[in-house]
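Just below sit the structures, each encoded as structure tokens.
Both of the next two complexes hold chain A, though its partner changes from chain B to chain C.
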Partner chain A sequence: MIGRSKTLLLVPSVSILAAFFVVPLIWVVGLSFMSSDGTGKLVTDFTLGNYTRFLTDAYYLDALLWRTVRLAAIATLFSVVIGYFGALAIVRSAPSWQPWLILLVMLPLWVNLVVRTLSLMVVLGRTGPVNQFLVWTGIADRPIPLLFNETAVLIGMVQVAVPFVVMSIYGVLQSIPRQLEHAAMTVGATPLSAFRRVTLPLSMPGILAGSVLAFGINVESFVVPILLGGGRVRFMSVAAYETATVSNNLPFAATIGVILLVVTMAMLALYQWAVRSMTRARPVLATAG
Partner chain B sequence: MGGALDDARAPRPRDGRVILMRPSPAFIALRYATLALFFLFLLAPLGVLVAVSFNPTAMIFPPQGFTLKWYAVILDKPDFLHAAWASTKLAALTAVLGTACGVFAALGLKNYGGPLKGAISGLLMSPLFIPAVIVALALFQIIFTLGIQANVWVLLAAHIVVTLPYPVRNVMAQLDGFDQRLEEAALTVGATPRQALLRVTLPLLRASIVPSLVIVFILSWNNYTVSVFLADKNWTTLPLQLRAYLQYEYEPFVAAMSTVLIVASTVLLFVMDRLVGLGPKRK
Partner chain C sequence: MKRRTVVKGLIGLLAAPRIAFAQQKELVVAAFGGAYTDTVRKTIGAFESANGVKVSFVPASGADGLAKAMAKQVDVMHGDLAWAFRGVAQDAFEKLDPAIVTNLSALHPKARFSEYGVVTNFGEYGIAYDPSQVKGEPTSWLDLWKPEYKGAVSTTGYDAANIELIVLMAKLNGGNEDNIDPGFRKMAELGKQISVFYSQHPQLLDLFRTKEIVMARWLRGRVDWANKQGVALKFVAPKEGAIALVSTVHVVKGRPQTELAQKFVNHLLSADSQKLYAADLGYTPSRRGLDLAGIDVPYSDAMIDSLLMSDWAKIVPKMDAWKERWEKEVVAR
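Entry: the complex of A and B
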């Protein structure tokens, strides 16, 4: 009796996921092997045409897929470095400050992404504070275009990902006993080498978790490339959206989606592998982390 | 001179073995500088946007004057008010229904074990790992192919799908540390399983249900990617409306609107922190 009611409790969530998640995903994979005639009507014969088209065309391969992956990876690198410094500065501040600082880190996550991106448009604009600073200091003699290019998109992605990275790394840093670093210093290590040889390796799990999170968020960026790229920086998710809604080529949009999915899954697999090989190679880390 | 950053000096009561080492003043200065630069990077853009909203002329920082007129303009924009109301309704429905689904699922999974539990919880968590844009694209394709008009129910279902992992994870985590004996005690003193659930288990789960409601609300309220595929004209949400406006206009009104959203998010965040404590445990 209780057993059956327990199963009933699972019905709402599992059925909503089945109907609005699993079936659509299977549908999209299937659709990517179909084609569309000129008028947008579906041709249901099996074809690899969409994939051949994507993977042989330099535009899709370089300007779309490679750009998305490349910018997401660079943004991840910057987010992890900035986020690490942030997390480290927070974890080394007074314990009574830390909850408030963490709350400040979480604040942007609660603010609408369109609003956050808009704030960067103001900051990076022709008359924005950054350009004013560059002209005032004489680094540039007139305002330089900072918006609507890859750099702007990069800055936007880093801004979005940094709070997630801080949250991932902060937890791990907090669990590392300070005595370890102090012990290293009492036996003669400089603060820098104590950090490099003790704290940094021990915080690897947080760095990895933060990286995979940041990459996952960056690679499916949608609002940031639209607003900060100004239509000039094409991204996979934006291309999938436009192909589906503007060109009405559903099979090809599905193909773009599936390729994005494969990239995301590949990164997750790589992460799993990295975590596993790290815990195997350094059994000490597994217990300390 | 509080020395807030040099915790190494402060004796820690929890373990007496802390080796007290006085960091050099240069080191402390470096820490403060890092902290300041980090938060400047993270929060200054929002501050600039707030400042711009008081600018009478254009989206320029620093403002060349002070006015509140752009805040009054908000009330003259029925599109935005309608969008804000649509967003609020959608997010509230998503929060209540999604959290309910999540709580039921977590309770349902409690007595399962082994590979079946792993498989079902894996399914429930999987929207976290699949880009939301693909879920939205997939749903868009289905309703397009079936010839169904975009409607609020599909939009609502999609919002629930992409946020479901959060309540499931929160409630499951709390159930893991849950004292099973409390429910058993209720049952032995004659409560029916239903009474035990309503009177004992659910009230105890409040600590994970309340944050789930708020997080799902925020995620749904801020969602852009799913809504842009699936919202029809009557359900243009606030993020969509903001973006549509930005395509044609760029004046401080949009900064004022944003400031309202920033303040609302901030208030919600701090209220939430008071209620359940979002950050690390205070010592």
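Entry: the complex of A and C
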């Protein structure tokens, strides 16, 4: 009885995933092994040509794939650090404040991403507040180019990912009893080492979830590199889109998508495995010490 | 038993709208959406009542539009020259029938680029510049290459108008659509001048507003728009010719109402519809001999003659390879 109702509960999610994710994905993978004649007409004969074109060209490997993965990873690192401090600050604030602080974190998500990114362009622009501040304080003698480079794209990606990281870490931090840290301190730990050896390891699942989420969002960034990269910061998602809509080479666009998916999945698997084995090793070290 | 009823019910639900549609003739038109569709919609009432048909619009152009045409989901498709020739190559369109599309004979010859489609209106890409920052009026596309404006000029990423620019540069340097290398060599120099390839009109407006950009390849209509937004810019059509922005329209093959679709194309080419393209959108009508008094849009045979419009039948098969060259030679530093 219970078994059957559980299966029933899975039906909506599984059928939605199958219809709108798995089936299109199979189609995209199949497409990536086809080719297109010059006018965009599909040639359905099996070919590895798209993969050869991508994987044997330094432009696609370095300027596109490596840049996408590298920027996404760096942005994830910043997002997790910033998000962790944010979540910690919220958890340690007065309980009556917490819902309001959470609301503040969620607020940006209610504004359209394009609008948020465009406003970031105003902030980072030559006459924007950041540059005005830098010039006013004398840190820079004239406005510095903050826009249309990799740094701008990084800032944009961090801005997008941080709320998600805060939410996933906040949930975990909230469930860790404060008494654990107090107990550590009563047996001689400094507040810092109590945090490092008690709270931080216990909040690892939140960090893991937050960073996986952040990396997933960053690696498929689309609006941010288009608007903040100034057309120079090439990104996999943008390249796939343009290959489909401008060059009209759907098979090659599909190949770019599949390669991004495979690389992302491999990196996430590796990352989860690394984090898991690190946290599993910790208690052993503790007993040995 | 029960399961079968559910399935039957679902099939019924899916089939119901088709039955409803069958009661009145319907024409589905893929158009660019936004203000463009609003303009076309203005004159649609007369066409609908004259032909006893309901016209509905779906916002789709480019890849999406052609996909819908290939799937036979639309009767009429809008596009540009690249999508037009792709559609022709993929056998997506009916030939326009001059016996139904009688307005064809009233058009500028440049509009009749193929038997399978027609240009409904032209826009102009030229040079937009900030007169407070640029000394004298630019006269040539090559002014974008002037060293004194390094870092302060802009164009878009790889798009149809930049392809025209590549072809123009090839032609000015001894090449053409079939010998594009000289064009890419020249565009690589322009790439070094550019700090940002814009992708959105509001983005370029902001770049002009903050004086990060003083000169850019832009549309005449957009410069008027910028002036209304309080950014004082001027527009010039370079002496080599402004680059044509064309809107094409096509009758989709294999749909039940192709004759009506032909009539609809004829309607788009009628004097009333054509005048609205100028009045509401600022585009130059393809139709000759209209009275556009009081409408500030360039309109003459000479102006349309001067527009740069390459041989897109030759370009389309090369667009994918050129895109890769653009990224490697023009965008990459």
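What we mean here is this: the second predicted complex is superposed on the first by the 243 of 289 C-alpha atoms of A that agree within 3 Å, B and C clash if a C-alpha of one lies under 4 Å from a C-alpha of the other, contacts with A are read in each partner's own complex, and residues count from 1 in each chain.
Convention: contacts are C-beta pairs under 8 Å (C-beta built on N, C-alpha and C of every residue); 3 or more make two chains touch, one makes a residue touch a chain.
Predicted model, so just to flag it, every value in this text is computed and none were measured.
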Is this a clash or a fit when chain B and chain C both end up on chain A?
-> clash
Between chain B and chain C, pick out the one touching the greater number of residues of chain A.
-> B
Touched partner set for A:227, first chain B, second chain C, both or neither = both
Would you check which partner chain A:242 touches, where first means chain B only, second means chain C only, and both and neither mean what they say?
-> second
Give one of first, second, both or neither to describe whether A:110 is in contact with chain B, with chain C, with both, or with none.
-> first
In the overlay, answer first, second, both or neither for which of chain B and chain C A:252 touches.
-> second
In the superposed arrangement, does A:59 touch chain B (first), chain C (second), both or neither?
-> second
Figure out whether A:179 sits in contact with chain B (first) or chain C (second), or with both, or with neither.
-> first
Go through the superposed model and pick first if A:145 touches only chain B, second if only chain C, both, or neither.
-> second
Touched partner set for A:7, first chain B, second chain C, both or neither | first
With the two complexes superposed on chain A, say which partner A:122 touches: chain B (first), chain C (second), both, or neither.
-> both
Among 25-33, 187-195, 241-249 or 259-267, chain B clashes with chain C only at 241-249
Residues on chain A in contact with chain B in one complex and with chain C in the other?
-> 118, 122, 125, 127, 226-227, 244-245
Residue numbers on chain A that touch chain B, as the complex places them | 2-3, 5-10, 12-14, 16-17, 19-25, 27-28, 31, 42, 82, 85-86, 88-90, 92-108, 110-116, 118-120, 122-123, 125, 127-129, 159, 162-163, 170, 174, 178-179, 182-183, 185-186, 191, 216, 219-220, 222-223, 226-227, 237, 240-241, 244-245, 250, 253-254, 257-258, 260-261, 264-265, 268
Under the touch definition given earlier, write down the residues of chain A that touch chain C in their complex.
-> 36-41, 59, 63, 118, 121-122, 125-127, 145, 147-148, 226-227, 230-232, 234, 242-249, 252
What does chain B use to touch chain A in their complex?
-> 2-8, 10, 15, 17-19, 21, 23, 27, 31, 34-35, 38-39, 41-46, 48-49, 52, 59-62, 100-102, 104-105, 107-112, 120, 123-124, 126-127, 129-135, 137-142, 144-145, 154, 157-158, 160-161, 164, 168, 193, 218, 221-222, 224-225, 228-229, 238-239, 242-243, 246, 254-255, 258, 261-262, 265-266, 268-270, 273, 277-280, 282-283
Which of the residues in chain C come into contact with chain A in the complex?
-> 62-63, 66, 82, 85-86, 89-90, 156-159, 195-200, 202-203, 206, 210-212, 316-320, 323-324, 327-328, 331-333
